[in-house]
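Report on one structure; see the data block that follows.
Chains: A, B, C and D, in written order; residue numbering restarts at 1 for each.
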């Protein structure tokens, strides 16, 4: 792709958290032109009236309309609404779709049909570059992974790739409040959540399905239990997951395995140093700490739920599809503190 | 009052923040029996289903009814609703009323009339013990002060009592999120409020009216400007206010004045040491730091908005009315950290 | 014991977090007189110069001396220093010792010898009332349990008591910053810890030893692995632990087992409702949520690390030893928010 | 300047907060090559061992040496140490110096002499682009402004430029914990600072001197009192300042004045909308809200203390000196939440 190539992007659902993060990235992306930012509730308003931090950076407005004269469409709408939108709006095949909802993540539901049209069906590729990078590069449509799903898979993929996920897996992970979106709820009330921790959906989190699907993709016949205890954290951004399982690998072998698996993946980094959640906040990076404790392989994985876990990964997928530098627009300054 | 005396208390609006704090205090108050806790929305539910921290301490339930067989009624309902409730429910004169709303705080609106009844009118006393303790002791009805109003007045009353509030007053104060109640609002969303500060109602806060009323009560003809900048803080409990004005007092004279004014008041304490907000969280205390800086008298005042600024002060008023130890039920363990 | 009985208490190491919490409780305890509060670093200073929240409540001072004219001595010194102190200071047998360090918690180190004296040895009882209440009532010396150790044991004791801890146990628990004491460290720096989570001492936490000791006390021959991942939380008070293991119990059976086990224990309460950390902050309570998920019994346990996990439990033990109401001085108002 | 121009930068004191922020910016700056990052305490270590968020982005190491083969030297050392360093190390005149300490900010101390050398003296320009942009463009040395100083001046400069700062000014401002650097102190302990607010250096903050110097530069003979109450906030990044003074301007006139003053300044933006601190965190922007309340002009100013208040502004100054786009490397993604 020549350096003059500019990707024209449209956004549906631009007023939510993932829409906002996508805008924050795309506004400074060297190869993207934002064609429209659609929002039913905010049509006609300045972007910076909703995403107030963007004041002074853009005079773009939300629109109530959209058009097909784009290269890529990002869907930042709620779960269930992405499929409904595409059912009602059969974009031409020339437009790539990157969907941030869970609507097309599961293999058996990864297609949408448009019988009798030129674009008779859209088939979605699960957009985790560390799993499917080569497929993504030629994909027409991307189902962007879930936030917990990304963090947990990145902690387990190298083992599945070797076919050595051979015992029950034990995972606890804590997410920031942005993981629950911007709607008001008792568990998102500051008075309740400040200084508080709580468990939810223990053993039942919906992301387990896409996690197991990916592990099975790499390790055929994978049938171990994956126990997952999600926590609500008293911070806004980031996920930290700790995971362990029985393993015959030494620590040295495990570190080597993980390091080799992620070699060439620019955002995922393996270390034996102690890591802490804030190291990756406001970046598209994932850090993975590998340790051996007795017969347990112990993995800690951290990433920003809104970036590597959502909008950042969506842009990473876009970069891959359009042949751009995988890190274009994504060399983000960490908040660090 | 003999030690056998037990005050029978009823509560209207027991499901909100101030109702909850009141319950936390009264449940362990040595001289109180809770007769009923009324809540329209929670009638029939256990108290601990709403105020979940009380699980294991009480099997009381909310009721949809109330009766007149009580000594004192606490009104923990919204502003405007207290007057409406009393209009519709003329409790007998034998029942003392302590209202936590702003409905009866202003002199010109401190009465409710019941023409043609035995209890022809209820007159409310402004329930700030450091201002009106003797009057409170014989009061039939109490208008409990506002939270900011309490914190700011306690920083200024000794000067007004001497008639030396003779220059413009400059105040900035920051409140915890509980000050805004439990309703969900964008400014109470954890994602927004965490690590955030913001100004609201600058120069216009409704508590200015009751503050000026009290200052005028002590210093006849008080007519200085009181500039007040309120902030929303990123914590749940407490108010810290800093105030200054021109003054001829030396620091020594000012400390002496404040110390003497609050001598005998068990919850309000004067110091020259640096204070910080958390020192008083979860107590009924107010700390006041007095300094002289150039020609400015500089005062910092801290208290817990839900206790000294609301439910704790309501119990303090109850204690005074019924001749109990002023600190009964209010020697609360600070959270400290 | 008659109501006139007053316990005279001395405190060694009164300037730290656990010493401060102990003071906050004892100052309002109806049956305790504080004889002295020893601190090497603060001798001669007012208590409220160190524990600044106590300003206005006490004019006690730290002392550099102590004496034997007391009923109970609380040791609030660092790990290792309790044994050293008692080695150097053989208090008479009439003085009960309650040690908050880990020095006497392990059976094989639960004794200190004073050869050739009247009080030839002190034998310490592990002071977890839910495990050893009857023994504590007649104990001369108490080794107060660790904070994580208390929270985790309370989640597992009923199973051990039935001898049905028959599979590997998986535990993740997060503690507030006060768990690490008041010394300054990079991991206690606000800039680092705010909004941050991190794992430490995974699989290796020192409290595992006392936990396994207690489980073995109830379930002879207990030999299952107890996997424990501790996290540093971005809050100051409280521990939340989630634990699971394979179990044949139905949820109904498990709830019944737990409820019966803790019947009569005034601070530990079993529920099937969702719990969250802040429900118990600033109280001596422990809440335990019991669920069955597939073949896993899933337990969440929450308590305040400084109270039920340290100073509150120390007072609970004192109450038991001296025949006082077990809850005396410990009906603390929760901070709730 | 042609697009090929690359600025070679050296950093002294790279291990602190401002050094880290500078690195986070420069690593992605399109026109900068980092020649060395000096640190006495960390020589030989990888940058990402100290600034752990940079893991995966750079393999640079701290050095114990430095050389003169650079275009610009950033001094990120403590107050007092910058002058000492330059006294001992007379860099050639070809090297521009940008000092982040306060050592050269005050006019009477803005020079360092090297008698008998080619570079006989270095004269520092106060590096606030909104005050001195044209002078900065030709400056050899920059004294980078203080964080509070920047935030407060940006709220007042347009008035001084018109000569209408004609009454006492009242300012309260709250800063994040990074403002106090990374050294451990009781007021930076998480246990103390979490959920806490406190006042420090009221009326005495050292930044008042540079503020008054700038106001006098614009409004000759400025002699009004500037009352400044600084607070320590319970967040890590950002400053929010509220300021007011008597003014004859209408709100419309004031907004026009401010807007015109900052026209052409890419980072400072004027609004009448309500602003809140987090809008600018992790950016180089400053937002200024202008209101009229009675006879008071009321200004709120927010910025990130480590960026616009330190390292971001240092890079902005570098851009100006070397003829680069003023925003190069500084179009940073806000953390927003």
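FYI, a residue touches a chain if its C-beta (ideal position, glycine included) is under 8 Å from a C-beta of that chain, and two chains touch if they have at least 3 such contacts.
Only a predicted model underlies this, so the values are computations on that prediction, with no experimental measurement involved.
Engineer: As a test of understanding: of all chains, whose mean C-alpha position lies farthest from that of subunit D?
Structural biologist: Result for the farthest chain: C.
Engineer: Is the number of contacting C-beta pairs greater for A-B or for B-D?
Structural biologist: B-D
Engineer: Taking each chain's centre as the mean position of its Cα atoms, how many Å separate subunit A from subunit B?
Structural biologist: 48
Engineer: If you average the CA atoms of subunit B and of subunit D, how far apart do the two points sit, in angstrom?
Structural biologist: Result: the chain centres lie 42 Å from each other.
Engineer: At least two partner chains per residue is the criterion; list those residues in subunit B.
Structural biologist: Correct list: 17, 177-178, 191-192, 194-195, 234-237, 275-276, 278, 281, 337.
Engineer: Can you name the residues of subunit D that touch subunit A in the complex?
Structural biologist: 17, 20-21, 24-25, 28, 49, 51-57, 176-178, 194-195, 236-237, 266-267, 269, 271, 273, 275-276, 278-283, 285, 287, 306, 331-337
Engineer: In their shared complex, at which residues does subunit C touch subunit A?
Structural biologist: 170, 172, 174, 191-192, 194-200, 202-204, 227, 229, 231, 233-238, 240, 242, 244, 274-278, 281, 291, 293-294, 296, 298, 300, 337
Engineer: Quick check on the complex: what are the subunit C residues that touch subunit D?
Structural biologist: Within the complex, subunit C contacts subunit D at residues 17, 177-178, 182, 184-186, 188-195, 234-236.
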